[in-house]
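Next, two complexes with subunit A in common: one pairs it with subunit B, the other with subunit C.
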Partner chain A sequence: MHTEKIYTEYKKFNAKKVFYILIFTIILGIIALGALLHGPSSIGFKNSFTALFKETGIASAIVWELRLPRIIMAILTGCGLSIAGTVFQAILKNPLASPYTLGIASGAGFGAVLAIIFGGSLYSEYLIAGSAFFFAMLSSLIILSIARLKDPSPETMILAGIAIMFLFSSLSSFFQYIGTMEQVQEIVFWFFGSLSKTGWKEISIVSVMIFVPIPFLIKSSWKLNLLATGDESAKALGVNTTKLRMQGMIFASLITSACICFTGVIGFVGLVSPHIGRMLVGSDHRFLIPTSALIGTILVLVADTFGRILWAPQVIPIGIVTSFIGVPFFFYLLIRRTRGYW
Partner chain B sequence: MTRFITKTGFSLISVFILLCLSVSGTTAVGQTKIVEIQDANGNFVQVQLPVQRIVVLTSDALEIVCALKADNLITGVFTGISREALFEAKLKQKPKVGDWREVNYELLAELKPDIVLCYARSPGKNLEKKLNPFGIKVIRLNFFKLETLDQEIKTLGLILGKAEQAEALINWHQNRLQFLQEKLKGIKNPPDIYIEGDSRYHTAGPGSGGDKMCTLAGGNNIAKNLSIPYPEITCEWILKNNPEVIIKVATRGSYNIKAKNIKTDIKSKTRLVALKTIQEEIMVRPAWNHIQAVKQKRVHVITNEIWAGPRAVIGASYLAKWFFPEKLKHFNPEEIHKEYINNFHNIKFQGKYAY
Partner chain C sequence: MLKVHGLKFKYKDRDILKKIEIQINKGEILSILGPNGTGKTTLLKCIAGIIKPQKGSFSIGSKNMSHIKRNSLAKQISYVPQSSPSKFPITVFEAVLMGRSPYIMWRPSEKDLKIVVNVLKFLKLEEFASKNFDQLSGGEKQKVLIARAVAQDTEYLLMDEPTSNLDLKHQMEIMEVISNMVKTKNVGAVFAMHDLNLASRFSDRIIMLSRGEVFCTGRPEEVITIENIKRVYGVNATIKNNNGILYVFPDKPVNNKNSNLINKPPNNQAHSEVFYDSKIKR
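Our next item is the complex of A and B:
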């Protein structure tokens, strides 16, 4: 009888988490639809809606070629960065771990800087994305190699990540220093982050790189939960903590690199979404991963929509708006929270 | 008493010198002359003539120094000289002392120039603080603003003892501007123009050089009423405004890069391919086939060399030709460019600067 009661309570507890996920999915759907039907052009709600299903010339082009790719990219980026942030925080057992504090974003930034300055005859947006991706992965591999050489503890990984962040930031600054005025301007714009350059081709590449590792990470949810109880107890329960850390690091880095190589730096999302998610659904990664993914997606989509609407037709870069919107919300949750959640 | 007389004497001489300067702007001290000029910040700077050694930190100033036939006075150049296709050959051996942002003070002091030419705001005021003790004067002239270009050429001509050459250059410049103004007189419906910088969807808003160029060439910049000079705008907004002409400004970076080899970027053929590639990339952007300019193939690419800086009037001539192809049917802006390069730089004209 007692076990049954506990089980009922547990189901209720989980139902609450599922409810949050459902609510966030509905909110995301509404925001996405709003962003799809509203824009600076004069085609209006009705025409935009019709254009979704019927070829209507310019309205169809706006909806299918401009708005939809942008919305999907915002969803992919928000989802990817948040999942990566959640995994980094779990495997490193550190609330400050994110793609930015670990130097992966700095690596991507350095890659973009190199491509802009020394692109040569191959210069294109794909070269920038490719180079950003390569250096983001390289920074992650350096962290992993150091962790393997020394010991794969969270402390080693975090310290190596911070060192990598400073190294790549300094290298980026150096190449900006030797670049021309125009190249420096281009670099600054890249670091602001933007979803304007997104097309269907970019979406297909990013989708593959995000959706291939996600099943593995979701499958590892239980192991991540056990890791939170401490390495010793996780090991005692049969988790290979070293392997889990290495795999988590590689997959989370892959997702991060895929997201930011096309969009530029979109900060804060990867750090804050897991925290908001944890405040709402707790630390069970089976629920935390989808919740923080949805929160991150909503945050990026809202930021992008606000960035386009607030000062229309001028665009406030998404990298700036995500922090404008996310920080006050995060503060609100932090102050309202009465007990520790981490 | 003697000290008092000496002191008074010096004071009187000083007052006399200052009086002379305020009247004529120049005064003679023994064999040399002192000239007082007003720089781009509105500050008065005294320069001792003749100036025999100069260091140039900006490409715009370099072009004017060469146009005034004073390149023999250059003792130091900026580090990016290798990107200056027109002047690289004769100046690449000169010591490189820094760039428009930062200089190596030790190298500069060692070169002992009489003056250093730089932009109004960059490098910072520290430049004067560090160089004045060495007797090096910092002359801040921009040479990239159309409205002050002639005055700045005149000032530099005065400093370098090239007043005649400066006058010739100013006359040429004013004639070109007058020609444009006459041709564009009475235009009632200026075409709507979208200007884009190197970065995609970054346009030229109010107060930008691009906006001024567009107005000078008789166009209506669709971004003229936005809030900031270089905003990013949404693609949808461009579609909504449906510009009749699109101007893409290719800065040195982009077309050099596309020209495969920086050393050959001035050659007509490689440049042409590079500019054409940029134009084609614009024409196939998502949904842009609905824009008038793309439909009518009125998408043009212009290089930074004739967009801002001393050759802006040539850029404006190209714009006018593109905006009013019927009205300016027999006008060829490339001829003006050739005239400038041949007459003022004694260099054989080559390269493509617009497409």
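Our next item is the complex of A and C:
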């Protein structure tokens, strides 16, 4: 083959990836606009549109205070969970890793359970979120310290994560067992995940916690590529694998905890979008991170919009809908897996 | 010249390497021989900076490399592992481009891409450039890993059993490509090897390791001797010399009764640079 051709082929290959990112950005824009203008309330399409730019009373309130925050939160969590999932899969070298693999979700769940049952007079949405965030980070810190004590290998981290997951799940079950009916109901609802209670304040908190670590992860893209080829190779090519793995874990955990502390557990997005991304643009994290973030946001947004419209005025919790879409797709992936994981 | 001085490596309570002294010259192929578990791979990994030895230092030229940053080390020494698992799909081009990593922060430069194109051509891998790495055969994969190390463009190249998974043709091809490169680009190459015949044929110098120590070093015909094979590997063998190329024919394992012979270097000659058996002197 002509050398010039190898070169142009690689360039074309990368141009294709940029093209995907552009296309998904446009799709996201269209879906977000659709979700903004359409909803279960009786204000029409046209009214919603004018309400965007003009104060029109009730329509404005619906668009600006209900729909828009919800859409932005859907984008934030979809983006955050997908990026965290991509990073976890890379640093744990495990295609089955997700933002929840290391027991982060059960940690967060336990935090929420504690706040709901023992919150007493302090009880508020923020207490639940704070407690969920604290225990989510705690579970990842425990795993980090175990990895530091023993060895920082993916296997150690995954096993420690599974142990933590069982610990927090059984603690949650125990407290649910002693809780009242109302409390248990609220706990169950929390575990479904929901975007219903989002306001601008939550959005600003979550955005800060997500957008501070993301640039670092994107900057490490090339090193993450090397990590996937094995620790030895990565080290021989100049990467401090232990440091990268620890940093990646802290930042990805931070993003995950920030996403789920207000919304509850939204399943499967973080597992599935990196895989769809890899199918489309390959494993170069410089392109994979943005692609899977876009796919994740689209998935969450579509799932939430379906959840709102399908059974209006009832809202089906987002965590349930994403799993409805996610699980069949996951099975499809497993069956399609002809060579290795693909 | 790369010098390793007083290298000691312990894993848990076991001494894997005890006081290793070696010297790697540019433009030379040095093979490390020895039975399983003598520390060949460990030695390579220590030099490549993948694992940290408890003791010892090493230097390139007059520069001490012991506390150098990993990224700077990767500009001087490349390492080809026995195999490179890839959990996620990458193309051959991308795999070779990874060799440029010590020079890439986020985006490979045009120069990096050109180097990769040339390396692919040099190793005759052009037709695989946009194929998926996982779809290649064992020999092709090995070649890609070598291409990655070549793209790294280092003065020293360490390879862990570069021919272990390959068929005859690939073995010869790879050894020829590398010995070619060593001479034309003045690279210092170190191989951990199992195949005594290949080692004697392609190496300029051989180090025989036994239980974590240098048993002897020298030119192939000095090191690969009936006596040394018996002592280090515990195998009786015959050696034929055909036009300067040695052929080792293993016969059978040495009887256990005589096992006190095995692994003990002959008197005072263990670390001598020149140690040979007059029987096969050409």
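Here is the rule we use: the second predicted complex is superposed on the first by the 323 of 342 C-alpha atoms of A that agree within 3 Å, B and C clash if a C-alpha of one lies under 4 Å from a C-alpha of the other, contacts with A are read in each partner's own complex, and residues count from 1 in each chain.
The rule is simple: contacts are C-beta pairs under 8 Å (C-beta built on N, C-alpha and C of every residue); 3 or more make two chains touch, one makes a residue touch a chain.
Just so we're clear, the structure is a prediction, and the values are computed from it rather than from any experiment.
The superposition on subunit A brings subunit B alongside subunit C with room for both. In the overlay built on the shared chain, the residue A:Arg308 is in contact with subunit B alone; subunit C does not reach it.
An angle of 140 degrees, to the nearest 10, separates subunit B from subunit C at the C-alpha centre of subunit A in the overlay.
Looking at the shared chain after the overlay, A:Gly238 reaches subunit C, while subunit B stays out of its contact range.
By the touch criterion stated above, A:Leu66 is placed in contact with subunit B alone, subunit C being left untouched. Residue contacts after overlaying the shared chain place A:Ile335 against neither subunit B nor subunit C. Of the two partner chains, subunit C is the only one touched by A:Leu226; subunit B is not. Closest C-alpha contact of subunit B with subunit C, superposed model: 41 Å. Shared contact residues of subunit A, touching subunit B in one structure and subunit C in the other, are absent. Taken together, the subunit B residues at the contact with subunit A in this complex read 79-80, 83, 100-102, 197-202, 226-228, 231-237, 239-240, 251-254, 257-258, 260-261, 286-287, 289-290, 304. Considering their complex, residues 45, 48-50, 70-75, 77-79, 81, 84-91, 93-95, 98-99, 101-102, 104-107, 113-114, 117-118, 120-121, 126-127, 129-130, 134-135, 152 of subunit C touch subunit A. Those residues of subunit A whose C-beta lies close enough to touch subunit C in the complex are 1, 3, 6-7, 9-10, 13, 89-90, 93-95, 219, 221-223, 225-226, 228-230, 232-233, 235-240, 278, 282-284, 286, 339-342. Those residues of subunit A whose C-beta lies close enough to touch subunit B in the complex are 39-42, 57-58, 61-62, 65-67, 69, 116, 119-121, 123, 177-178, 180-183, 185-186, 189, 194, 196-197, 199, 308, 311-315, 317.
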